[in-house]
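Some structures are shown below for you to check.
Look at the two complexes coming up: subunit A is in both, with subunit B in one and subunit C in the other.
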Partner chain A sequence: MNYFQLFQVPAQFDLDLTELGTRYLELQRNFHPDNFASASERDRLLAVQQAANINDAYHSLKQPLLRAEHLLALRGVKISHEQRSFTDTVFLMQQMELRELLADILHSTDPYALIDEAEQQIQQQKKLLLKQLAYALDANQPEQDLLAADIIRKLKFFFKLQHELELIEQQLQD
Partner chain B sequence: MAYSEKVIDHYENPRNVGAFAKDDPTVATGMVGAPACGDVMKLQIKVNEQGIIEDAKFKTYGCGSAIASSSLVTEWVKGKSLDEAAQIKNTDIAQELALPPVKIHCSILAEDAIKAAIADYKSRHGS
Partner chain C sequence: MALLQIAEPGQSAAPHQHKLAAGIDLGTTNSLVATVRSGEAKTLFNSSGDDMVPSVVRYTADAVQVGKVAQQSAVSDPHNTISSVKRLMGRGFAEIMSLPHKLPYQLVDQQGLVAIETAQGIKNPVEVSAEILATLADTASQTLGGELTGVVITVPAYFDDAQRQATKDAAKLAGLTVLRLLNEPTAAALAYGLDSGQEGVIAVYDLGGGTFDISILRLKRGVFEVLATGGDSALGGDDFDHAIVDWLQQQSGETELSHQSLRQHLQLAREIKEQLSSQASYSFVLPTAKGGLSLSLSREELDSLILPLVRRTIRACKQSLRDAGVETDDVAQVVLVGGSTRVPLVRSLVAEFFQAEPLTSIDPDKVVAIGAAIQANVLVGNKSDADTLLLDVIPLSLGLETMGGLVEKIIPRNTIIPVARAQEFTTFKDGQTAMSLHVLQGERELVADCRSLAQFNLTNIPPMAAGGAHIRVTFQVDADGLLSVTAQEKSSGVSASIQVKPSYGLTDDQVATMIQSSMQYAKHDMQLRLLREQQVEASRVWEAVSAAISADAHLLGAAELLEIEQALSELKQLSQSDDTAAIKAAIDKTNHITDDFAARRMDNSIRQALQGHKVDEV
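On to the complex of A and B.
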């Protein structure tokens, strides 16, 4: 299913999230079960199915990584369920160093300074990668799509790091 | 989800955690990662003149299954030749640790890590 078509928004990475939210509410209203109370069994079921599609689509389109994955899948590059290992050594070394920095936080005498440092590095890298991703996806060329897939894989590591950092912050507060 | 006893054992008492000196010419390194869960695995082997893996170390940031898979592989490769070590299959790792289907990718990661380390050794020693 083409989520962009369902929401009648352009099939591109750079989306107007306000417009997306408005469209979501409209679609939700249109397919609300109340509208189908007196409809046939078949139409009622179709409406329920469509309401579920609308929710899935909104969930995917509003998050940059899922939106990018969906856009690539529509172009024939499917990466959402891949199990292939990532082997960019230089990138992974950097990930290892950031993981080590995170591991040091809990034993540090000044944990919040390390948190700031990690946060800054993660945000900076994420911003850069998201910019590169938007650029690659905009090109709409097969080789740029493969590059975009690789950027998504890298971004996933950073989103994971950010999640780990949030867990550490929670641990510190407890 | 419940971990098997073997996973818990390797997770609580990981074998061969650490790193060798980077500039040691007998050491080779394999780095792999799994984008889906953000796991990062580093596996190092120390190879003697006869081409036998004398020692191995790992460092893994990931779930219990990923840590157990890499810990197990460092135990298995010791005493093996490079070609023997390259024969280790993720299915053997998954079976030994009784990994559930959703954790099979952890064993794939460990297989790819040892393969990457062997490839690194071969590329440095021109064979």
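On to the complex of A and C.
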């Protein structure tokens, strides 16, 4: 299913999220099962499935990583979820340093300073990669699409690091 | 400060179209029923003049009492008088036995489920709740002068699948049609916010008798989006009472309390709590084995007794704001729900945390029932111009057990429902022909720490090398938050599906047996009820397909149209008959013939929904 088509928005990475949200609510207003509370059983079931599709589509387009993956899938490029080794040594070094930084936080005398530092580095890298991703996807060329797939894999590592950082922060607060 | 108001101006459906619908707040301590009449949502009063019915059921040898009359026997007949049954809904026996506070009746293990030994034999929580629901529905149909078409029942936002399912089963047992299970805080927000034009983030702080819920909602253009829900399904005003009871026991030096004196202490504790909501200190006499003991408690002392409990609610608020991704500053309104929010310490700590004066203009005990009534009125079709969309989220993550006793999350909590998500798994042994699936709900990583919802097997997988089979497991959650799971091996098409209810719920058969065996439904009634159900469904199908034809006949070929029309006229004829099986067959036939048509219409209307939007913009 082409989610961009479903919401009638242009099939591109740079999306107007406000417009997407408006379209989404409009569709849900029509297809939410609540509209079918007195309908026949079959129609109620259809409505549940339809509303679930709409929710899933919205979920996938709202988040940049999932949106990029969907865009690539429509172009026939699949992101392999299996472990694939990275040849980019700069990226690998960066990951190792950030991991060490995260490991130090809980033992540090000033953990919040380290959190801020990690947060800043992660945000910076994410921003940079997202920019590169937008650029690669906009080109709409096979070799650029493969590059985009690579960037998505890298971004996932940063999103994961950010999640771990949040957990550490919570641990500190509790 | 701008107060939100119940706003349903000029709402009056033509009398012949008006269907009777009610909202039911099935509470831990009290339950209420409300309905919309002449455009206004109001709670309904029973023949004794009460709208708040204590959620208490008493079983005597030959009768069942519900509400105030049952509560009055709580002290004299503790074993047969069941209160706070909501705490037991959808729970396992072992789980309840591990709770810190002992319940004053005989609990028994009914195939892993908790049940209660009474003068009328073993009763499970679903049966007890059904008595309360039936009593409330009676009040409604007597006041409104007719049978209810449907009801909206509220549940704590935190209720898991088993607890929601148990609530729905109770309604079924009481002979009610459930239009929707609605989260309590969402209902409260509906009561305050609908059509008011108010926008922004709203925190609903609901401290009832037995549950605490905090919901962070966003109101935008009449749409309620639940950003996050949190809370504690085992924390409430009852715990305040228990804290006071503990204090009373310290004063009297009595270490063991009999069932009867525990009841007495609890009643006294409630009295103390209520008195201290309006006065600074309270003097009373505690009955003990050695006679009455004169005591007094000040509000400061009470505050220090319950402070740890209230602090726990504030911590949950903090967590929910974090989950919602909003700051305290973003919260525009705070709605208070539940009788326990009358406690001054609760109000002041909530106001302090959210830095906002909470909304209290609607009675915190009634606000949920009122919201449910408003939604019931919409769902039953009385409000034709309604364009309120109520988006809910799933309160707890759903997942599957994987290797090593770990849980793989399939649908994370706070995902908007309805939702369907699929995940692929594979076999890990050569020639493996079966796979066991264990469905879990909860946030923790280990299977042992999550709620087990169901276990089922996918068998007859064709033998292949390890990793060769691709098993696609699909979780679907409907708008009530109820889960169904299907599993399919892709290459062979072998499939298995389950309506998730076993581990902590009743099976469909058990519910059917309960309906049959209950005194309310003799066998003849049961058959009549089944016939009525099919007749109603037949007329729904007839109406829906007829409307579809008049709207979209152009989507049909001439032959298709003829076939459908024939099926419809057969259905219409049969729907008047008393042949349940024949009606059902005619419904199935009509559904089957119109499956393609329905799918085409759905696709078409999706396109139209957005095309309309574009035309508007131009």
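Keep this in mind: the second predicted complex is superposed on the first by the 152 of 174 C-alpha atoms of A that agree within 3 Å, B and C clash if a C-alpha of one lies under 4 Å from a C-alpha of the other, contacts with A are read in each partner's own complex, and residues count from 1 in each chain.
Quick note on the criterion: a contact is a pair of C-beta atoms (placed from the backbone, for glycine too) under 8 Å apart; a residue touches a chain by one contact, two chains touch by 3 or more.
Values in this document were obtained by computation on a predicted structure and should not be read as measured data.
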item: Touching partner for A:153 - first (subunit B), second (subunit C), both, neither; value: first
item: Subunit B versus subunit C as contact partner of A:127, first or second or both or neither; value: neither
item: Partner contacting more residues of subunit A (subunit B vs subunit C); value: C
item: First (subunit B), second (subunit C), both or neither touched by A:41; value: second
item: Partner chain in contact with A:161 - subunit B first, subunit C second, else both or neither; value: first
item: Touched partner set for A:26, first subunit B, second subunit C, both or neither; value: second
item: Interface residues of subunit A shared between complexes with subunit B and subunit C; value: none
item: Interfacial residue positions of subunit A with respect to subunit C in the complex; value: 6-8, 23, 25-34, 37-43, 46, 48-53, 55-56, 58-59, 170
item: Sites on subunit A touched by subunit B in the complex; value: 82-83, 85-87, 89, 91-93, 95-96, 99, 152-154, 156-157, 159-161, 163-164
item: Subunit A-facing residues of subunit C, complex; value: 149-150, 179-180, 221, 223, 322, 378-381, 387, 389-391, 415-421, 476-479, 537, 540-541, 544, 587, 591, 595, 598-599, 602, 605-606, 609-610, 613-614
item: Touching residues on subunit B, where the partner in the complex is subunit A; value: 31-38, 40, 42, 59, 61, 104-105, 108-109, 112-113, 116
